[in-house]
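So, here's a batch of structures to check.
Same chain, two partners: subunit A is paired with subunit B first, then with subunit C.
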Partner chain A sequence: MTITADREATSQEDVPRKPPAKKKARRDSQLKAAILFLIPASIGFVVFFAWPAIRGLYLSFTDYNLLRPSTFIGFDNYVAISTDPVFWNSLKVTLEYVVMNVGVQTAAALGLAVLMQRFTRSMVVRGVIMLPYLIANVIVALVWFWLCDYNLGIINAALDFFGIDKVGFFGNENVAMGTIAMVNVWRHLGYTALLLFAGLQAIPKDVYEAAEVDGAGEWRVFRSVTLPLLRPVLAFVLVVTVVGSFQIFDTIAVTTGGGPVDATRAINYYIYQRAFERLDFGYASALAVILMIILAAIALLQNKLLRANESDLER
Partner chain B sequence: MTIIAFKAGRAARQASREDDPSLAKSKVAKFFGRLALVIVILITLFPIYWMFRTAFSNNRAMFAEPLSLLPVDFTWGPLKRVLGLATTEEALAEGGSGASINFAQYMLNSIAACTLITVFQVTFSSMAAYAFALLNWKGRDKVFSIFLIALMVPGIFTLLPNFILVKDLGLLNSILGIALPTMFMTPFAIFFLRQFFLGINRSIIEAAVIDGANQWRIFRTIVVPLAWPQIITLAILQFIQYWNDYLWPFLVGQSEQSKLLTVGLGIFKSQTPQGNPDWAGLMAGALIAAVPIFILMLVFGRKIVGSIQSSGVK
Partner chain C sequence: MKMNRVAILTLAAIPLVLTGCSASSAESASGTTLTYGLWDANQAPAYKQCATDFHKANPDITVKVEQLGWDDYWNKINTGFVSGENYDVFTSHLANFPEFMLNKQILPLDDYIKADGVDLKAYQPGLADLWKGTDDKQYGLPKDFDTIAMFYNKQLTDAAGLTADQLSTLDWNPDDGGTYEAAIAHLTVDKNGVRGDEAGFDKKNVATYGLWMENSGGSDGQTQWSFLAHTTGWEETNGAWGDEYNFDDPRFQSTIDWWYSLVEKGYMPSFEAQTGIGWSDQLTAGKVAMASNGSWMTGAVFGAKSDTFTPAIAPTPTGPSGKRASMFNGLADNIAAGTKHPDEAWQWVKYLGSIDCQSVVAEAAVVFPAIPAATDAAIAAFKAKDIDVSAFTTQVEDKTTFLYSITDHRSDVAALVTPVMESIMSGKATASSLTAVNKQVNALFK
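Up next, the complex of A and B:
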C-alpha cells in the first residue's frame, strides 16, 4: 500500500502526463493476458458446448440418421412429435416421476435439515447422510434392484416373512416409476438436506432465542420461524431438483429399460432410444430441443418464485 | 501441541453448542429428534451394508437364506471372479455365470479417464476463472455470462452432436474420446473457482505487478497457492462426478480398453441370466466401483461436505 502511494506521488510530481498512459498500457496488457488465459477454456466452450448446441438445433430440422448425409426437412420432426403417442406418454411418466421424486424428497429433506439444525452439529452425521449422493446412479440403482428383487430381495423376503403379498417393485407397471422415484429420493435426500441445512444456518440465531422466550414449541418454531425464513432457499432447491429430476436416465437405463410396457420410458430415455437404438438423430434432436424449452420455462419460473420470496424475507 | 489445540477447539465448540439457541433444549424433543436421526442414518446405511453383505456371500448358498443379515457362507469368490482372478470352474461352483468379466481393467480405465478429465479441466478452468475474476478487460462480464448459459443447456442436447463429433474424429472406444468434451472446461468449474478468486485481496496482486511480475507468474505463485484448498475441493468433486457418469462413457467407451466401471456394471447386469442371476458378483462389482468413493469420503469428507454448504446456496 505505502509503496503504491509513494510511486504515485513521485510520478505525479516528476512527469504529470505519464500515469494515464501507463494505466492504459496495463489495461491493454491485461486484455492480452486474459485472451491467453482463456484460450483452452474457450476452445472447450466453442467446440463442445456452443457448436454442438447450434448443430443440435440444426439437426432437429433434418432427418439425419448417422449413416447418410442429412436433408433439411423444416418442422417435420416437430409436427411428427406433436402426434407421437410415445412422446406424450414419456412426458406424462416424466412428470409423474418429477412430482413423486421432488415432492417426497423435498419434504423429507426439509424434515432432515430441521432435525440436524435442532439436534446435532456432528460432521459425521453430515458425512453419512451425504454418502448416497456420492455413489454412482448406476450402483445405487443396482443395489436397490437387488434389494427389491421379487424372488430373493430382502424387502420381498421380509414382506413374505410377515405374510404380506410380494410386490414387483420394478416389474409391475403401476409401481415401477414410484420405485425409481424412491430410489433416487434415497440417493438425493442427504444432499438436498445439506443444501437446506446451509440455508437454516443462515437464519439469525436470536429469532430462536425470542421464540424460546415466548415459549413456542417445536412445531410452532418450525411453522412460524424456520419455514418463512427458509422460503427463498427452498425455492432455489426446489427448482434445482425439478430440473435435475426431469433428466432422469441412469436409473431407468440399468433397471427397467423403459418398461414394463412404457411405464418408465422418461423423456431423456426416449431421446436416447430414438438416437441410438433407431439412429433417428434428427428426431431425437428435436425432442432434446423441446426438453430444453421445458427446462428453460422452469428456470424462468424460478426467477419469479425467487423474486417473490425475496420480498417475503425482507418483511 | 496439536492435542492441546484439539482440546481447546473441542471446548470452544462445546461452549458454542450450549449457547446455540437454534439447538433444541427440551429433553423429550431431544430424545425423539435423535431417534429420528438414528432412523434416517440406518435407512441411509442399510443398502450400502447390503452391498457388502451380498458381495461376500456364496451366490449359490444365498438362495436358501435371503433374510440372513450376515454374509451367507462367507467367501472372497465374487470379488475374485469379477476381477478375473477365478477360473471358470470356481466361478460356476459359487453360482457365477462363468462369463469372463474384468473389473480390474475397468478400474484402470476409470482412473485414467477421470484423472485425465480432472487434471486438465481444473487447470484450464482455473486459468479462465483468473481471467474472469482478477484481470480487467473490456467485455469481461459479458463473456462470463455467455459461458454461464452453457450451465442451462441439458446434457442430452449437446450429447448427440458431441457423439457425432467424437465419432467423426475416430475417437470412439478410446479414453481420450470419453474425456475430450469435458477436458477443457465446464461452466461449473469456472463459476466455482471464480467465486473464490474474487475474494483474493487485490492489493497483493497489485504489489506483484509493481514488482514486475507478469500475469502468468502472479497466477502461478500467488493465486493458485492462495486458492489451493478450493482447487483441490473442485478436483475431488469433479473426479467423483466423472467416476459416476454413465451415459456418455457408455456411448463412447464400449471396448475392453475404454469401458469404465459404471459401464461394465451396466453390461454385467444386462448379461446376467434371468433365471439365476449372479447377485453376489453384481454386488462385488458395485463394491469395487464404490470403494474409491468411500476412501475419498473418509479422507476428504470435511472438504466435500463443506463445499456443498458454502457453494450450493448463493
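Up next, the complex of A and C:
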C-alpha cells in the first residue's frame, strides 16, 4: 500500500516538475562549458595542492628522509611530536607572533581605511600606503635587519642620541618576535587597509546620512554603523591574515634563523629545518599535517564566530 | 620503369643518409657534457677557467660550471639525488659528506685512483683522510683547505700600542685568559675613550669591542671557540667517524665559560648586541678591533680596506698545550652516484685534484689549494696583492691543525647544541648545561 502510494506521489509530483526538453539540453551544454572552464583550475589544484597534501599525509606516517628508502611507522612521528619541547615552543611563539601581528595590523589598517574613506580622495595617498607591500618580503626583512642593528643601525643610533638604552631588536629573546611581527605589519598594513577600504566603499551612503540626521558623532558612527556593516569583509580579512600570519617564514629565515635560542623558531621554520636541514621529511610532514589541522580549525571557528556569510545590511 | 623508381628513391635517400651521418658525427665531436656545481661565487671564475682548460685537453668532454648560493645549492643536491636530475660532479662539504656516503649517493674512487695511479700523498697531510668513508674507501680528492686566524684593524691596534709581533705571540688559558685576554681588554674602548683595562671603563657603553662573537659557534665553533678549546687537549669526538661527542668535558666547558666572561666584562658584544650585521662589516666599521675567522674570508676583509680600516692578520693564540690550534677543513669534489658518465666524471675530478687546475685556483688568491706547490703559489698570489697570509699557513707548517669532526647525524647534533650554546652566550645558562645536551647528542648514535 504504502509503496504504491509513494509511487503515485512521486509520479504525480514528477510530472509538473519535469523541465521542458529544451531547457534540459541548455543546462547540459552549460554543464559542459562549466566543466571546460573548471578544468585548468582543477588541474592546478590537484597537481599543486591535493596530491602534495595527500602525499604529505602519507609521508607523515613514515620515516622518509629523502635519501634512504622509507618505512611505514604508523603514528610514531605524532607520538614523538607530542613530547617534543621544540614543537610546543614553536606553537607558543607562533601564536605570540599571530596575536601581535594580526592584532596591530588589523587595528591600524582599520584606522587607516576609515581615514582614507572619510578624509581623502587622493589617489597618491592610497598609492603611497600600498608601497611597502610592493617590496619583496626578504628585502623588507633585510632592510629592517640593518636599520635595527645594535651597533650600526640608525634606530639604535637614534635611541642612543636621546639617551635611551640600545635594544637588540632581533637579538633579544623578549623582543625578537615582536620586532618580526612589526616588520611584517609595516609591509602588510597598506594591503590590509586597502581591502578594508574596499569594504567601506560598499556601505551605502544613506546609512551615514541617516546617522548624521540622528546626530551621531564620528566615533558613534564608526561603532554603530561602520564596524557592523564591515563585518563580512573584516571576517574575510581576519581569516586570510591569521592563516597567512601562522605561516611566517621568510622574515625569520633571513634574520634570526629561529634564534636567539628558540625565541623565533616558528612552526613553519621548524618544519623547514626538520625537512631541509635535517632531511627528516617524515617528521616534518607530520608537523605540517598538524599545522594544517590547526589552521582549518581556526578558519572554521572564525567563520562561525564572525558570521562571515551574512551581512547586517540584509537584515 | 620500376628500376627507375627504385633508383630515384635511392638517390633521394642519399642526402638523408648523409645528413644522418653528419649529425651523428657532430654529436660524437661534442661528446659528453658534465655538469659541475659549486657554492662560492668568488671561486667560480677560477673553476670556469679549469673547465675550459680541461676541455682543451679532453675535447670530447665539456664541463658546465654552475654556481648557486649555499642554501639553494644543498637543496638542489639533496632533491637532485631523488629526482635523478643532479650535478655529475659537485663541490662537497664535510658537514654533508657523511650523510651522502652512508646513503650511497656518491661514488667511491678507489678503483679509479688505483688504475690511474693518483698519489694521495701529494696533498697537504691529513686532507685526503677527511674524505675517507666508514668503509675505508676514498670518496674525494682534496681541492683546498682553510684554517683560522685573527683578522684585526691595524689602525686600532696601533692606537692601543700593540705591535704585530706582540699580537702574533699571544698566549691564552681558560683561567685568566692570558695575554690574549689582556690584549682584547686593551683593545676595547668605551664611549669616553677609556680602555677596557683602565679604571672607569664603562662596559655598558662600548664604542669598540676588543673581540667579536659571531653567533655561538653552534656545534663546531669552527671560527669561534674550536681554536681555543683544542689547545686544552679537548677533542670534540672520539676520533674520525666517532660515535661520542665530548661537550661534557670540563676542559671544553671552562673554555666556553671563559669565552662568555668576555661579554660580562664588556670586551665582546653580548649575543643580543652581535645579532645583525655580520662581523666583517663591524670590523670594517671600527665597531670591533679583532675577530677570529677563516682563511676564506681574506679576500672579503682586505677588499674592504679604507681610510679608517687597515686589515691585517695574526695567528690564533697559543694555549695550555704551549701550541696553537686551528681547525683544518678541506673541500673535495664528489661524484653523484646517479651520474650517467662516471668515467668522464672521474677524469674531471682527477683534473680538479691535479696541479694544473689547483695552480689556476692559486692564481685567483681566494683559497689555499690542497697540493703544497699550489699552496705556495697561492701564498705568492696573496703577497702580490699585499696580503700576508702566513698567520693561516703557519698552522699547517707547525702541524698544529686538527680535523673537522666527521660523524653521522651532524645536522641533528647542530640542531640540538646550537640553542644551548645560544642560551649560554646570552647569559641564561652556564656551560655546565652542555652536559645534559651531550647526553641527548650521544643518544643519537645508539
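Basically, the second predicted complex is superposed on the first by the 257 of 315 C-alpha atoms of A that agree within 3 Å, B and C clash if a C-alpha of one lies under 4 Å from a C-alpha of the other, contacts with A are read in each partner's own complex, and residues count from 1 in each chain.
We adopt the following convention: a contact is a pair of C-beta atoms (placed from the backbone, for glycine too) under 8 Å apart; a residue touches a chain by one contact, two chains touch by 3 or more.
Fair warning: this is a prediction, and the values are worked out from it, not measured in the lab.
Asks: Once the two structures are overlaid on subunit A, check if subunit B and subunit C clash or fit side by side.
Replies: clash
Asks: Pick one for A:Asp149: touches subunit B only (first), subunit C only (second), both, or neither.
Replies: both
Asks: After the superposition on A, what does A:Phe276 contact: first (subunit B), second (subunit C), both or neither?
Replies: The answer is both, since A:Phe276 touches subunit B and subunit C.
Asks: Subunit A residues in contact: does subunit B have more, or subunit C?
Replies: B
Asks: Which partner does A:Leu59 reach: the first (subunit B), the second (subunit C), both, or neither?
Replies: So A:Leu59 only meets subunit B here.
Asks: Scan A:Leu115 for contacts with subunit B and subunit C and give back first, second, both or neither.
Replies: In the superposed model, A:Leu115 contacts subunit B only, not subunit C.
Asks: Which parts of subunit A are touched by subunit B and by subunit C alike?
Replies: Residues 66, 145-146, 149, 152-153, 276 of subunit A touch both subunit B and subunit C.
Asks: Spell out the part of subunit A that touches subunit B in their complex, as residue ranges.
Replies: Going by the criterion above, the answer is residues 1, 3-4, 7, 26-27, 29-31, 33-34, 36-38, 40-45, 47-53, 55-56, 59, 66, 111-112, 115-121, 123, 125-132, 134-140, 142-147, 149, 152-154, 157-158, 161, 186, 189-191, 194-195, 197-203, 205-206, 208-209, 212, 218, 233, 236-237, 246-247, 249-250, 253-254, 268, 271-272, 275-276, 281, 284-285, 288-289, 291-292, 295-296, 299.
Asks: Any idea which subunit C residues touch subunit A in the complex?
Replies: 74-75, 78-79, 81-82, 99-100, 103, 105, 215, 269-277, 281-282, 285, 287, 411-412, 414-415, 418-419, 422-423, 426, 428
Asks: Would you pull the subunit B residues touching subunit A in the complex into a rising list?
Replies: Interface residues on the subunit B side: 13, 17, 20-26, 29-30, 33-34, 36-37, 40-41, 43-45, 47-48, 50-51, 54, 62-63, 66-67, 120, 123-125, 127-128, 130-131, 135-138, 140, 143, 147, 150, 152-158, 160-165, 167, 180-185, 187, 190, 203, 206-207, 209-210, 214-216, 219, 240, 243-247, 250-251, 261-262, 265-266, 269-270, 279, 282-283, 286, 289-290, 293-294, 296-297, 301-302, 304-305, 308-310, 312-313.
Asks: Mind pulling up the subunit A residues that touch subunit C in the complex?
Replies: 66-68, 145-146, 148-153, 166, 168, 170-173, 256, 259-262, 273, 276-279
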